[in-house]
């Protein structure tokens, strides 16, 4: 793909991103937690549940990009602090979204991984800013973007000096309405062909249906993905956003009890 | 989904379609063979190769719906006879596409399974005609069609009295150009939620890239699909259609050597 | 565009299709009438209304390709006879859809123009059959198809010896849900660049909204289209199909009273 | 559409935005100029050419959001000053894109209208910032966004206290590859149904083909749009971006000589 320099070099030297005891790009990393940080109880209960089920990292949104200006927009700094404390208590590194270039430096003091959401994939000011921090960046694919455009956005970050980019396929927009978006799982082997960067899957936002998350998580393992990021809420009925698609701790645990053995099996399968 | 009657009843009584010793809907059925029947040598060599690698059924096109009227359109009856002979020699039941309602009755005398291609998914005259034969029908999803429209097409066949419909997800049309189409693997658990019919995956036409076929075949197993249909040609460089995406016998064999153990593993995994 | 021979030659010699006193490709042809033929009263009242408002040709479906097998599928031969009689009474040539290759020869005895619907654009058996009649063919664009694929389907008809192909843009499938499909009006100048064939617009099926049909009809004139095909029903609330998008005779008349002067204005505008 | 408050009230009181002697929402406003400001000569020659041909406003990019980090990104402040001077010399108000919330206040000192590009439609920090200036905002539709999402982005601006939002349809992403994007011209009457805000069309970025810009500009007039924004470069072959789709001054003049009479004709047509 033309114009790409850093994203596509040395395919045999795959990027592995170390965050505390987690290595993204080696094994299969499970990132879980609520869509947004809503309260101390919600955050800590959810964090304990995902930890107990075997998650590797904790997610939670303090700044929520919402379609409507009148929808809940997140708790901001207070949410970030709750997320950080829940991460510390459980020993899980944390991932959180940043949406404004002016917030990057201080959010980076709390977050182990900075997430760029699908709506901001081509927010180049934001990409440059996260490229200048030392924090790993989880770059979601724009719901409307080709692999080539996505890798060019990774290139924006890499070219600022930050080599730690994790790609995240989260579904693309199609005509299908049964699912929220269409998960493009073939992006996993395609991205592996094209770049040395790790790629994870978001089965929650792509499918938007609780019953599809388990099968798509297992499929992500079999397709060779480096991990998943899923929404788990200790009580989805009370969730302030994405209530319909958050997993309960019980369902998440069930998925993990199938996922981890599959991961081991795949590791042992001769390539 | 409104209007559906036969496709959606009794989800717990899943349809299993018996074709000789193959049972589609139980285990994982691998259908393989060339895009089109081109010659005796090509057909028999390809059939022997897929049999040797462990395929369950043999595919091959005698009537090819081609974008251009000037492209190779298939060998017709002669192709059908070669396919039938290759099936008999190898003991593999055969799947072949029918594109004209006037051909259904005589093609059904050769074919074990009649395939409806993506361009003809909403060719209702053809659907009614295959609904009136006793042959199982492999119904490919229209590259532009929703799950609801697809199931309505199955309903056309079922309502004519033919209960043996196999759904086949073969990729949908999106803006992405790296892959030929976008494989909607989430259709597997979605279809399982909605209907009792078996669903298989076509990793060849959806991705259009040899390197993506293996990972997507394994992902299909993990997602709970009932099988795959893949193009294998004994010498892809000589293929008269789809030369870029046909597997060599060697690559197909490698995929099968990973796929079958995964299938066994998944069978044993507690649900 | 590769593979095209007959559709793209001699762009300066534009195809004009004469049907009685109508010339498609010269001036601006308005084809109007109900979605389906439902009864004598409905057909004749609708025909008189569109004639009175200045339509050039009459449309009506006797065979309706419906998403569900349980929906009204048209009156068949009886509908065709009613349409034919209504055409004779009003002096309007008639356009009707044919969906099965076995029906082409006898439907062609009634119809002045044979319509190929969007779902059958790539039904190559049907294309070949209409290519072998002497009747002009109105070829709707597949809702999922590129200009190149569409022109290849025209090529199927042309290559059978029938030079009278009218292209009809009827909206493509996108993610937008406010409109039924997305009208690709830029197809008009694009097709004029690529081929000598006339192109008309279907503002009814593309937008699916009564209020959008008038503005899109005027826009079609300004964009250089050769005509429109619109659904008009003498009493839309009673329509057996497409009740939500059929124009009343009054609204159709209002549109025509703006459209015809615009057409004259455009004819006089120096190019 | 749910959640919308300010964008949808009082449809009969249409918003008219006054900028010097231009009124967007009354008549038909033509905004023209180069993709990016490249040099003094280029900017002034292009500005004089569009003024001579009858443009109402001048466009030019000082900050260019480019797919690749290695592509020309605009001249920044220097470009803004050149654009401003060219606007003053020709008496044309200027429109320019802003891509970073930190730049809004100072860019607003130069620009008469602030443009939000398609990639930033859902950059909510940026929307809030331009909502807090007194400058009119030209809000391009996301190439992947529904009308509902687009109007919600207008709502973000309106809810910050800035009532002067101009919507701009610039093509949506579809599977068609002949055009750069697919111009959704039906958005014009749809938006007029839904909101009181003015809507203009960008025929350049939507079609990406010089030959399609004229017909689509005329179609925009007939569809009831409030204006167009087009790229005109005094020497397209030398353009640093979008060289393939910029109009020459001569072609632009030809389009204007057809567009203005059509506009007068449409104004006089009884509604």
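Per-chain numbering from 1; labels A, B, C and D assigned in written order.
Assume a residue touches a chain if its C-beta (ideal position, glycine included) is under 8 Å from a C-beta of that chain, and two chains touch if they have at least 3 such contacts.
In this text the structure is predicted, and so the values were computed from the model without any measurement.
**Q** Spell out the chains that contact subunit B while also contacting subunit D.
**A** For subunit B paired with subunit D, the chains in contact with each are A, C, in label order.
**Q** Decide which interface, B-C or C-D, involves more C-beta pairs in contact, and give its chain pair.
**A** C-D
**Q** Just grab the chain with the largest centre-to-centre distance to subunit C, centres being mean Cα coordinates.
**A** A
**Q** Let me have the rounded angstrom distance from the C-alpha centre of subunit A over to the C-alpha centre of subunit C, please.
**A** Whole-Å distance between the two chain centres: 48.
**Q** Would you mind pulling out the distance in Å between where the CA atoms of subunit B average out and where those of subunit C do?
**A** Roughly 35 Å, centre to centre.
**Q** Find every residue in subunit B that makes contact with two or more other chains and list them.
**A** Residues 144, 173-175, 177 of subunit B each touch two or more of the other chains.
**Q** Note which residues of subunit B are touching subunit D in the complex, please.
**A** Going through subunit B, the ones touching subunit D are 173-175, 177.
**Q** Tell me, which parts of subunit D touch subunit C in their complex?
**A** 144, 146-148, 172, 174-179, 182-186, 188-190, 193, 206-207, 209, 211-212, 214-216, 218-224, 257-258, 261-262, 265-266, 269-271
**Q** Which positions of subunit B touch subunit C when the two form their complex?
**A** Against subunit C, the touching part of subunit B is residues 3-5, 65-71, 99-102, 119-120, 122-125, 142-144, 149, 152, 155-156, 159, 173.
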